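There are structures below to look over.
Shared between the two complexes below is subunit A, which has subunit B as its partner in the first and subunit C in the second.
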Partner chain A sequence: MKTLTLISIILLAASFSGLQPLNAQTTGHEVMEKVYHNPTGDDMQSELTMTLINARGERRTRELKQFIKTEDDVEKKIMFFLSPADVRNTSFMNFSYTDGSDDDQWIYLPALRRVRRISSDDKSDYFMGSDFTYDDLGERHPNEDEHVLIKEETIDGHDCYVVESTPKDSSYMYSKTVTWVMKDSYLGLKREFYDRNGDLLKVLSIKEFDQIDGFWTILETEMHNVQRNHRTVMSIKDVEYNTGIPDSQFTERMMTRGL
Partner chain B sequence: MIMRPIEKKLVILLLIISLSSLTVTAGDLFWGGYVRNYTGVLTGGDNELSILQNTMNLELSSRRQNVSFHVNPYIYQYSDRDIELGLREAYLDIYFDNFDLRLGRQQIIYGKAEGVFITDVVSPKDMREFLLPDFEEIRMGITAAKINYYLGGNTFELVWTPVFTPTREAEEGSIWRPSLEFPAPVNFDMSEKEVSPKVKNSEIFFRYSSLGSLMDIEVVGGYFWDDDPAMHIIRHIDHDSGELHGLTATPRHHRLYMAGGSFSLPVSSFVLRGEAAYYNGKRFQTADPASENGLVTKNYVHYMAGIDYSVLGWNISAQFIQEYITDYDESIRLDEFESTMTILARKDYLREKLWIELFSYIGLNNGDALLRPSVSYELSDGFEILGGANLFLGNKGRFGQFSNNDMVYTKIRYSF
Partner chain C sequence: MKKTNRNKNLKIAAFAAVILIFIATALFAKVLAENARMETNLDEYMPRDHPAFIYSDQAEEWFNIKDGILIAVEHRESIYNPSTLEKIKQISIGLIEMPQFEEADVMSLYTADNIIGSEYDLVVTSFYTEVPGTKEGLEKLRKDVRDNEMVFERIVSGDEKAGLIIAGMDSDAFTQEFYNDIMDFAYSFANGEENIYVAGRPIVEGTMALLGPADMKRMVPVVLLVIAIVLYALLRSLRASIATLLGVFISTVWAFGLMAALGIPIYSVTTMIPVMLIAIGVAYGIYFYNHLGRYKLDNRDTTDLQALKYTLKILWKPLSMAAFTTMVGFLSLLSSQVYPIKYFGTFTAFGIFTAFVLAMIFLPAAVILLGFSPPKKARKSNSSGLLSILNRLTDRLLKNKRRVYIVTSVIIIISIAGLTRVWINSSFLDNFEKDSDIVQTDAFVNEKFGGTSSLNVILESGNEDAFKDPDILKLIDRMQTEATKLPEVGNSFSLADYLKRMNKVMNTDDEAYFTIPESREMVAQYLLLYEMSGDPENLDQVVNYHYDRANVTFQLKGDDSRTINAALAVIEKFTDDFGKHDVKINFAGSGYKALVFTSLILEGQVMSIGISLILVFILLSILFRSIKAGLIGAVPITITALISFGVMGILNIPLSTTTALLSSIAIGIGIDYAIHFIQHYRMNLQKSATGVKALYTTMGQTGKAILYNAVVVISGFLVLLFSVFPPNRTLGALVSMNMFTSLAGTLSVMMILLFTFRVFRSETLNQNNK
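And now, the complex of A and B:
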């Protein structure tokens, strides 16, 4: 997987070796290109847990198992919902194309016993009631934004580039994002999302990351909607890279069969 | 499949054994399901309870290497009827490299249409409460052998059902019993209603499906029994007066051929859906006095065009459905074209804890409709309370015939 996806989330995973800090002429675009092109293996599977925490501290938990595979021009992803009980055995499949074509998406609802195609257009929808939109979880090509390296800063002991990204499409759901990128690994450590009025809307913070199978992997992250004081903590476990997931994993057959 | 008392005891015993074994085999066995209370009250008359139903739905499954099983027993307990035990599904799956085999009682669903049955004719319907139950409860399981062969993203499916299962109709006296009008007193002869379980009476279906970047397509066909019996009418005429003084109605199932297909096509922010089926050999009631047994055999076409889209956070689905009787003659009791629309609008609030939904059937021929507004709230994960109404508009037609059955209801459901 050559791209940055967040459900993979977490997924700012990078091969630590071979990455060198940029020099003094570093631009914001170069930083975000480095992040985008971080190699993350040919395939990956993991178990994902999302904990939704409202302003009163009440928690709701969603668990799913995901498989991701990147081929030449397409990233294939299939997710199987494990909990809560009323969505168990639901599956979701997404094909994301590097040429910018619209994603292909399908959902299998076990109560209906059939796979249904769904529109991938509205990426501003929130995923499973979490604070992550579908767009937050997917990849965003650096060419879709103008990037400015606004400063360098150390947070939690990590030296970071701070890049402000403004969308070229003025109708995009965020007016800008600001990302703290670790100089040593090109992992995004923190990101602020500003709404269309320019007010801070959400803050994404990486809580835990480690090197697995040679790839830096973010193991726990939190998205905090500061306007509604609602949080989503997302964590992954049982991460495996390059296990040779076959193409047949990403088919109607597997969506209906389940895990 | 509804059970006799001895079978009920057997199922209870099996359930007890299954549940008690969970403690020692939980590592191999998946189990889940839900418990639900469903209470409905008629809004007219004396506000009678239209339904008071408590449900337990249990799903058990296990997989070892290339073999798995799935069992879905259910229990319905009513305030005014005997307890009902049944098996919605009970099948074995055997997985091979390029094909799968499923044997046993199973639900098989075809097509892309929502809320209507066009090519979706494999699993028969339980119509005891019209179209009001959840669709997983409307569709009944059938005993079948199903083989699926996979080639890339393509699926080829063949289904053989050795035993015919008809539509389960609302019982005599039920408020959901469709109105039948006869010009004279009628006596029903049920002697020919059963289709005996012989190999020559088995049904066969095939399906090809493909999920593609451009579109999803499905092609289906079948040779099967019409789930709904045709009513063969014998007129009893007084030889002296020449007056009609009685009828004998004999329900009988007939063979049908069906070929059809469906597609889903993403276009920008929309998903366009279509589905069509051609039926050969359908019996229709006719007023033609020269007809044999009050029936005429015609072919007919059933098709749908639909669109799914989102606007202001609402997920909208709209469908136009039409049934067309070919080579029509005016004596047929149904219209040559019967047109229906469905509209579904759904939106969530409070991060998918609160859902507001309106699902409507609109009969265009008779100006009738069924409106189904509902609100559901998830008190905690897997624990949901739903309140809704079923409103029948018009006074004739598929929906208008139930104009006295407007109801409000609640469903409280705990999933585990």
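And now, the complex of A and C:
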């Protein structure tokens, strides 16, 4: 389970193979495999702005600096709050393991001056009050779902495969998802999430993406919970790939040091 | 030849009139059957544009404030056993799966978050997802609950024998089917060792909205039957009785049909319209047949037609005057801010107009078609017996004027004293029997938990992040502590509770840290921590995104005005302290709205009574061309209204939507009696040699008609005393009493005043002299 690659919400990056057209027998599973295997780089850092917008249009905005490093069996991530001022230098660290064991999470609150582990017993919990669950933020392995290519469609000028994915585990929080995958980049452009009753729950749309340092990168994305009419917009800037972030960046000591 | 032709034409005209009236009635009945809609959502009664309601509605939306259905699961020893915990879980899941509830609206030990922590970590977890199978597991759960002041004594009772499931719902989602579903669902768990209790405002409101009209449906046929029997006993004519009751029926159908045609739903107060129309319709029928019968008895050889002509001639004026004045009285209810009351006034006025038209067209047409034979000998002695009683009564009253004045004054003084004790009650629960299921359930939940009613205190600041300020949070905490000292306030909940809990668990569960954190940063970071590890949607119910609006919920042990006002008094003491921090206090929630609503009703009623009295005085003065007659004519209404409110004060019957409207009915009936009496007295004066003789004649004719009317209606409404729904019993008693005081006021004080102050007599003498 690779979690929390905010930018990798669904997918990233152009693989060279991705630029070759698929043959007529393209299956949903193949599409999702290609999406999953889009390279993401060894590490990445950026400034993240997360804006929660409730049904009344009230906004709650947070800015964070994030560092992400991907290793074979673990994805490490550390985030520092830049604003609002009263939480500045609060830091959050997350280790997500590919073998599926529970994430390790730590938080450092400057006012308490101590690093604490936090735990949330459920992957379907929402991340920081946003419309993204921890699971939405990670990449789901294609083998966990059955995929069917239901149609091909052009949206916003992009030719897309439309893949319907149904979880093999029927107790999963979604009954199905439908993903629009751009044919040229194997980047997901849009995804619909259906709740356990089969009703549309959330719509994820990619607002802005670009190729940075050779990696396809989603720069702005919006998750809209249509049932609550609540939205979360995440955007990143100052993105840098493969700067060689050292392992020492992901330690409790770094958390307390702040930026 | 000519005459038979005329008779024939008249019969055709009468037949056509009756057919037209029946067709119109059938059409109204059709519209009614197709479009009638009962409004059970009490929010619909509230004036939308009143600032208190606008504010409350808005606050309800801000913080997702909903009325909760409360399901309590009781086990005689302890809830910490597999069966009870499983039931709490299954009820919670079952409720979430119902379309009326959202997941976030269902709160129970199963759904609640348990915030726990130590020096090293903070965990927000559920108390249980699977029922613990071991004794140790159950004991641990018990300890977890006891240690968490956010749930203990809130959703698990202090004696650990009951668990509570709270499900917030939108008030417009309540229907008869839903009521049945939720009851069936809840009571399906009432087996084995557990008892189930279902309470909460939606249940109380719903039960009341369903029970009241259902009880009325049962009682009305009996009321009508009794009225029919008494009416027949007095009129001694089946045809007359049937025609009179048909008139009542038709005017009611027209009034309700017009409402349905205009798309106006039936509110619970609207069920008061038939009450008024029965009283008025029966009165018109009695006046009509009384005059018709007496003319036929006095003039043996007369034809139906001549008798009709006479009756219409003599009735036209007082009836039109009375109908007009009564309608104006009811239209004065348009001054109310409450729409259902405006509708009540308007459509009662329309119904009275219909009753008048029917008395002038339908009743004569029925006589033309079916004929009318007045009561004969046997009855004559009967009615002459009554006549002599009325004569003696008049004698006595005239001889004891001073005593009458004194008695009336005493009654008025007592009534005014009682009036000052009248209180408004917005409680729905008080409408039920003390030993009814709904009251018992409510009492159980109130005893075990915080309370079945809630009051929301909305705090607003002009400054963003104001509710991260420890000083303001401490003030909120103090307000909660102060208010919960009241016996009527069970507990309270706010952002402060989250922060105190987090501060404590982050400091090794040290009670010394069960306080608001000392710095703004600490507050902000705790909140962030909660958002990251808990269910941040929960915070939306206590504070908004900008931290400039907060919601403090108080659980109250009653929904009556006294309880709410007691809580409000304590909370309002903090207005100044909050003001110093630029924070404003407002209130929201259905209990508070009901409180404001009832005071609006009272205000509206007082206003409407005032307007009615002035209008009636002006109208009577103009109609009788005498200010004296206007003043005296207003006496019975004033007395009736005073006694009505006075008795309510003395007997501790609170003002509610229904009882408040009774004063309008009292006025409507009072005007009717007064006008008939005064007008006939005036006519009799012109024919009689002396004023005394005119008075005796009037007492004998109109007095008798008024007495008959009162007897019929009172006997009908006394039936309601056997109703199973307490408000309907109150209604029956008060209507009967108002009828009686109107009768007594008209036939005693007003009669004496009319005679003593020589109303009309100078003019009459002058006319006679010419």
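Everything below uses one rule, namely that the second predicted complex is superposed on the first by the 238 of 259 C-alpha atoms of A that agree within 3 Å, B and C clash if a C-alpha of one lies under 4 Å from a C-alpha of the other, contacts with A are read in each partner's own complex, and residues count from 1 in each chain.
Quick note on the criterion: a residue touches a chain if its C-beta (ideal position, glycine included) is under 8 Å from a C-beta of that chain, and two chains touch if they have at least 3 such contacts.
Everything numeric in this text was worked out from a predicted model, so none of it was measured.
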item: First, second, both or neither for A:A111, with subunit B first and subunit C second; value: both
item: Partner chain in contact with A:R60 - subunit B first, subunit C second, else both or neither; value: both
item: Subunit C versus subunit B, contacts on subunit A by residue; value: B
item: First, second, both or neither for A:K168, with subunit B first and subunit C second; value: neither
item: First (subunit B), second (subunit C), both or neither touched by A:S83; value: first
item: Contacts of A:F92 with subunit B and subunit C, given as first, second, both or neither; value: second
item: Footprint overlap on subunit A, where subunit B in one structure and subunit C in the other make contact; value: 52, 54, 60, 84, 86, 111-112, 114, 116-121, 125-126, 128-129
item: Subunit A partner contacts - residues on subunit B that touch it in the complex; value: 32, 34, 93, 95, 100, 107-109, 111-112, 134-136, 139, 148, 150, 153, 155, 209, 211, 213, 216, 264, 266, 268-271, 308-310, 348, 351-353, 380-382, 384, 413, 415-416
item: Interface residues, subunit A side, partner subunit C - complex; value: 52, 54, 56, 58-60, 81, 84, 86-87, 90, 92, 107, 109-112, 114, 116-121, 125-129
item: For the subunit C and subunit A complex, residues of the former touching the latter; value: 61-62, 117, 119-126, 465, 468, 506, 517, 519-526, 528-529, 531-537, 539-540, 544-546
item: For the subunit A and subunit B complex, residues of the former touching the latter; value: 52, 54, 60-61, 83-86, 88, 95, 101-102, 104, 106, 111-122, 125-126, 128-130, 230, 248, 251-253, 257
